Amino acid sequence: MPVIDLATTPLRDLNKALHSIQQGSNDVTYEIANPRGSHAVAVGIAGPVTVEVNGSVGYYCAGMNDGGTVTVHGSAGPGVAENMMSGTVVIEGDASQYAGATGRGGLLVIKGNAASRCGISMKGIDIVVHGNIGHMSAFMGQSGHLVVLGDAGDALGDSLYEAKLFVRGAVKSLGADCIEKEMRPEHLQKLAELFEKAGVNDVRPEEFKRYGSARKLYNFNIDNADAY
Amino acid sequence: MCGIVGLFLKDSRLEPQLGQLLSDMLITMTDRGPDSAGIAIYGSAAEGRAKVTIQSAKPGIDFADLEQDLAEAGLPARVVLKSTHAVIAIAASRLADVRSVLAAIRPDVRIMGSGDSVEIYKEVGLPKDVVARFDVRAMGGSHGIGHTRMATESAVTTLGAHPFSTGSDQCLVHNGSLSNHNNLRRELIREGMTFETQNDSEVAAAYLTAEMAKGKDLGQALTSALDDLDGFFTFVVGTKSGFGVVRDPIACKPAVMAETDRYVAFGSEYRALVNLPGIDSASVWEPEPATVYFWDHQKAA
Amino acid sequence: MSYHNPYTPPRKSATFDDHTLAEIRRAAATGIYDIRGAGTKRKVPHFDDLLFLGASISRYPLEGYREKCDTSVVLGTRHARKPIHLKIPITIAGMSFGALSGPAKEALGRGASISGTSTTTGDGGMTDEERGHSQTLVYQYLPSRYGMNPKDLRRADAIEVVVGQGAKPGGGGMLLGQKISDRVANMRNLPKGIDQRSACRHPDWTGPDDLEIKILELREITDWEKPIYVKVGGARPYYDTALAVKAGADVVVLDGMQGGTAATQDVFIENVGMPTLACIRPAVQALQDLGMHRKVQLIVSGGIRSGADVAKALALGADAVAIGTAALVAIGDNDPHWEEEYQKLGTTAGAYDDWHEGEDPAGITTQDPELMQRLDPIAAGRRLANYLKVMTLEAQTIARACGKNHLHNLEPEDLCALTMEAAAMAQVPLAGTNWYPGKGGF
Amino acid sequence: MSYHNPYTPPRKSATFDDHTLAEIRRAAATGIYDIRGAGTKRKVPHFDDLLFLGASISRYPLEGYREKCDTSVVLGTRHARKPIHLKIPITIAGMSFGALSGPAKEALGRGASISGTSTTTGDGGMTDEERGHSQTLVYQYLPSRYGMNPKDLRRADAIEVVVGQGAKPGGGGMLLGQKISDRVANMRNLPKGIDQRSACRHPDWTGPDDLEIKILELREITDWEKPIYVKVGGARPYYDTALAVKAGADVVVLDGMQGGTAATQDVFIENVGMPTLACIRPAVQALQDLGMHRKVQLIVSGGIRSGADVAKALALGADAVAIGTAALVAIGDNDPHWEEEYQKLGTTAGAYDDWHEGEDPAGITTQDPELMQRLDPIAAGRRLANYLKVMTLEAQTIARACGKNHLHNLEPEDLCALTMEAAAMAQVPLAGTNWYPGKGGF
Amino acid sequence: MPVIDLATTPLRDLNKALHSIQQGSNDVTYEIANPRGSHAVAVGIAGPVTVEVNGSVGYYCAGMNDGGTVTVHGSAGPGVAENMMSGTVVIEGDASQYAGATGRGGLLVIKGNAASRCGISMKGIDIVVHGNIGHMSAFMGQSGHLVVLGDAGDALGDSLYEAKLFVRGAVKSLGADCIEKEMRPEHLQKLAELFEKAGVNDVRPEEFKRYGSARKLYNFNIDNADAY
Amino acid sequence: MCGIVGLFLKDSRLEPQLGQLLSDMLITMTDRGPDSAGIAIYGSAAEGRAKVTIQSAKPGIDFADLEQDLAEAGLPARVVLKSTHAVIAIAASRLADVRSVLAAIRPDVRIMGSGDSVEIYKEVGLPKDVVARFDVRAMGGSHGIGHTRMATESAVTTLGAHPFSTGSDQCLVHNGSLSNHNNLRRELIREGMTFETQNDSEVAAAYLTAEMAKGKDLGQALTSALDDLDGFFTFVVGTKSGFGVVRDPIACKPAVMAETDRYVAFGSEYRALVNLPGIDSASVWEPEPATVYFWDHQKAA
């Protein structure tokens, strides 16, 4: 298993190595030592590669991941797994703001808490947060699922399109055009699937509430102008 | 736009290393602010003594015979030179006289900060050069804050660098961009404040000074800042006994905190914290928007 | 007998003119601000107010038909491993698929490729038509991130981080539901037929210090191959250009207030941002102050219409220009051919700007399959190439008359101004004088 | 149902106005820049923005009908053995045979001779009609040298070395094939029906140091008899005038950007060169700095239309003016009489400028024998003489009102300006003030 | 035979004397001593006069010659025989740029080399150069013949109209719209005639190649725009 | 627009006549440039000695006691006065100090050129008067270049006259008109060059200086000038051991060269060369466009 020590190896060499793996090749595992908050660690992965990061990372770790499996044994800075296409990203610690921003696919698991704007503008990604999430999460979320085992901060799901939000704990406040919705069987089933994928064992789907778009802002209506 | 670092020591055995630790944190934030850098260090206060940090554009002239001239002006003091800055140590009872005496004998000298324990150093240039110039690594103390600046709309000058002094033993660093600083500055000027720069952060500093002058404590002043300041900001404020942090309600400029038994640390990015002892087992989190945080030696004591 | 005033002709107010009155009525009827396409319609100081000083006795012109006047430009020389080489300093600005139809995007790609220049994607992602027909394609990285994905990022020849647009510096976008066809909705991961708002800030960074890290990420993802442009609307060009450079941009794209848009509030288009003419000198000054002029390239856009405009922008220090509206007109937008249909839409050829409503008779700003049919991308591409050729010839003819063997050798000293405003903005003397208004002189 | 705005009247853009849109479409369709005749069409600061201060109490006017106000002017007093004496300070500018028909050239000669002034040949050589009917004829020496020969040089009364023209300083010319009749082709030693390009630099000299030797040669060939004029387009009038004087010119002809042309790129006409108004003071300054004002005469042209324009040009320091377009209009160009035919050509009387295409209904800018027939050179010459008479009377009436017994006694101090730009360009105060914009004051 | 010494006689007197000879009078011969690079020597000749110049001349020697025979026993400066109408001008040495520019008739013989722009804008003149010619020669040449026994420089015949160019040596490059053309019998015959007139004995017409206009720029065509 | 002459002697017996020959050549070019004239003469270098030519607008004041004042400033030198110019001869090792010492003791004096062997004289006026003023006819040397100027767009001043110094023992004269000199000047100013005039030729000189400072030799610098300079130009560059000539690619400003066993000569017109000894049998030709020519004593040796 190749080990890349960022204390001695330039970031460029790390990412170049990861990019040299083609879609369709066999899975390879890289271990990354001493990330120490570096930015853009393991970005642009385009093939089946497993990356184990031993330590905490800075901005945009695993950005645009497309098929890789990245685990951070530490915390992640802003924009982790931003615009993920496919694959899995797991953060053992906390994640800073913008986690999973604009993600289009794949699964992001945050074992600790996520800060504000978790899943902002999400476009298909599934995000599972074991802890709490900060304010403005899932802002303008277009599609995908955001599952929170803890509490959610202010203005959850503001200006939401079709992303689906599930929160087990308290929601400090809902954003404009976001409402609580009925939990139907298919939702319970979807949650169960996500728990399975994200390695969540200790909670049951029934403990969650579902939130989604009231679809009031879909076409402009003067009587909703205050919500803009 | 800028980088901020702050370090508050709980474990007094770390105090000799404060300058060393803070310097490394500051240099890590070079990418966020290559234009200028500054640092405020809170040393142990000597009983009955106070300090004034001053800066000069022509230190060779202004600092020559300063100790002697102060003495002649009736202010017995000790002057320690640090490149373009100097620290004047005097009896605490005479602190109020320093400003007027300096205005008379060294009209071009600028006062960076004053108090029982604070020393403020700031200059134009890369953080590593600024740190080296003032030999920050050799400084000890109980807590300190630092700042690296990427100028947005105001000039890159020494006076535009942070920290800004907001009162005795108080100073402020800022990351973000205020959108109502021009109006606020006009109001504060009307209230009698003076300004050296076009910098929005200086307005924030003056605002806090003015609010506290009206009788608010620092926490109350920061709370009212949340109402009165528009735009994006993260403030870290140093006081004699600790520091405070507050972010704007949108909170999109980055901020990370770490706490262990030995210290509380603040950084614009996690990178700034990675060299702290025991960081791997520290509790690391991000401050909430529109929330005022405080760490205080006296309350801890 | 009572006394009657004689007849006096009706007189309208200059303050409350017909447009203003109509807009008040429209606002009263609908309760929403007016959204429209195209750029500033009112008159602002522009390149028309500048003139070139051709050569005569004190300088020698180059032979108009013979002596070489080079027009090539290289973009992205600062950091990119694969800078972009263009034959002409006129690029096609980013216009979103969604705002424009597929055939329109294809026509732009074809025309630009014939001419040896680049096109740009827009808010809505990259289409295969566009990539296929564009020799050089710049991929926009926008706040909405509609359609953003790493494959397209790697397929692109350059990446343009859009911070703002001249039509709406600081504002976001809006694409009305009727333009969201299946294909557009699919590219944008959104339900069909709903209004689509575009955010005004990027979801995962704010400020130049973050932008520096974002650019690092994009470079890492694309292995430092591609030039990174940063596009800003013209508002505080000195600071914005300086900060883009500090954040690591290879190229700065500066879009003045006349710059077109697919859909923005009219009040924004007409009242926010500075005229293109006023933006260039501060931006160039910033580059010069940082020692980066010609090292970080400056692309200027907003109301570029002719080779004279191109030459003037270059003389003031830009490295290249971009065109949006003019390119649409060249491929057939607002063509009098469709006057009858424009009349039906309550407008007239030359004034049609409801581009967000998707009913464009010319088949350009629409997603309606029948209307789209009307635009033949091959013929339209040829038209664009012709137009670009004319602009280039015009710029060359002017540069030759000024004795230049490369368009980039045009200088502010080759210009004078017809009005005080233009003289002050362009920092060139009023014609026939040594007076630089606002700077003293004589 | 989708949402519709209520009706708002269509609004056109000032930046993309109808002309601009039409030009973009034309360029897209043809791929070549627009070539046309006539001068700058857009508004530029001009003599209209100046006013004369007539005499009143502080000064005394001359009696309008009685007291002498002389209008004569002598050109070429510096070196020529036979200077030119004109009765009026208004000459007919050089217009090429080829651009103009034979009858048109004859009409110009007849009208000028009646009026006691001179005409000028053009790019294409001297015709017998012109020589025969012109009492005083200036022979142009151009880069193309079409038709140049020593016999005509000796038949001429003066020689005008053309360095440039106001419509295209630094640019060359182009005469489209359809105007190259047998006669024109023969005079130009070229095949019939092909486009004829004119170079922008002379084939056998560049720069003022060479020009000095060229002028020496021309003087030697003509035995130092004839005044040598040097014609420049208005771009850097101070330097160009000074250098023409240093190179030995007897007369400097300075043609501002509004000056007409037979065929030039529209982009050139509208964007290169300085307005006539802006050219005069720097040129006069150069003459004064060299101690040559009134010793080397200055002829100004470009948009001269009336006696007021003449008086203003003279007051600013010119010795005489030249007219091109106005003379063509006087002999019948763009006459509403032919409106029906103008409509057929897709234009209207007053706007027809496709002079290079040779289809002029008025028979002036054409080589078509049938169209030419329409112009009666005798009547047209009479019309020109009438027009010149009116201009002269107008200039005199103004000069008398200012108390001048010779047009040359008009001074800049007799003028004030209506706009800031005109005040700065003409270096006269804004009306009612002592403010010379750009010079301080008040 | 009158001798005019330019070291002591003003140029004016020389040219005045030459101009006093009328068309139709008998041939007269003048000898000119000490020209020493003077400009405008023997310009504007309008009658049958023979001028022998002993030394080198400056600009425009024999300019606009119409019927005279001028021989320069030395080199000539720029623009020799410019705009010649008829007659003969012979340069024993080299000629500077613009030799024979815009010439309409007559014969110009250069025994040495000619510099750039030889025969520029020629309009009927015949030019025979024994040596080489410089760049941009015959630029926009309209008619007449340019015969070069040596080599030609860059951009020969650029933007050519109907002038005919014959080069025996190498052509460094052809200008826009200038191409090599077939040598037909009439061309060989024309060359022979010119050799005869110019006193060229040692070469044969067959050694030459002919160049002329491709006539692509005669009427504007957008696809040729790059050639403009 | 201008006239240029240059003379490079192969036959050292001609050296005493260099000034005489060059003066006649220069005066012949008066028609091309009546506004000002200048000349650079390369004398024989004295071992270990260097020369600096200076110019003053008020020679009576500036040159008084100059030798003595230089000595007092620690620069033993010999000063020879020539009208408005003076030549300072010093030890070659001290050449670098002259500029700073002069700036201190004679701030208004302008340095025309310096090196082991070059002397540069230039003034406003007719070439014959300039030649007489400096007694150029009496000067000897191995090679020299001269220039007469007809100002196009910049002022007629001493500083606007050519030759322009481009470095030690190097100078440049120019005929033509550059069309991108304003942009180039701005760039060079940013690179730290200073300019005295608005003259395009000074920009060419500064450009060559800057390119050579980047490590190019003169030939390479002239070659890159062909790419970077726009417009029409003929440059003649003098160096310690010879001179170089380059014309722009269009090459329509005139240039003639002549070579015999005894010399190589350059003139804007043939007239400039007619008085040279043996010119009738010289090989006379015109330099090719966009081609760099060189004649060099050292290579010849």
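General observations
In this document, chain identifiers A, B, C, D, E and F correspond to the written order of the chains, with residue numbering beginning at 1 in each.
Basically, a contact is a pair of C-beta atoms (placed from the backbone, for glycine too) under 8 Å apart; a residue touches a chain by one contact, two chains touch by 3 or more.
Protein identities per chain, from UniProt: A, E = GlxC protein; B, F = Glutamine amidotransferase-like protein GlxB; C, D = Glutamate synthase large subunit-like protein.
Everything numeric here is computed off the predicted structure, so don't read it as measured data.
Looking at which of A-B and C-F shares more C-beta pairs in contact, the answer is the pair A-B. Relative to subunit C, the most remote chain by averaged C-alpha coordinates is E. At the centre of the protein atoms shown, by the Cα-centroid criterion, sits C.
Centre-to-centre, using mean CA coordinates, subunit B is 44 Å away from subunit C. Separating the CA-averaged centres of subunit B and subunit E is a span of 84 Å.
Subunit B and subunit D have Cα centroids separated by 71 Å. Computed from the mean C-alpha positions, the centre of subunit B lies at a distance of 59 Å from the centre of subunit F. Among all residues of subunit D, those that touch two or more other chains are 3, 30-32, 197, 199, 201, 206-208, 210, 213, 236, 239, 243. Contact of a single residue of subunit F with at least two other chains is seen at positions 152-153, 177, 232, 252, 254. Within subunit A, the positions touching two or more other chains are listed as 39, 58-59, 78, 117, 219-220. By the touch rule above, subunit F contacts subunit D in their complex via residues 1-3, 31-34, 150, 152-153, 175-177, 232, 252-254, 268. Against subunit E, the residues of subunit F that register as touching in their complex are 28, 251-252, 254, 256, 269-275, 280, 284-286, 288-289. Listing the residues of subunit F that touch subunit C in their complex gives 152-153, 177, 179-180, 182-183, 186-187, 190, 230-232, 250, 252.
The residues of subunit C lying in touch with subunit B in their complex are 201, 206-210, 212-213, 236, 239, 243, 246.
Residues of subunit C touching subunit A in their complex: 30-32, 144-145, 148-151, 153, 176-177, 188-191, 194-195, 197, 199, 203-205, 210, 213-214, 216-217, 220-224.
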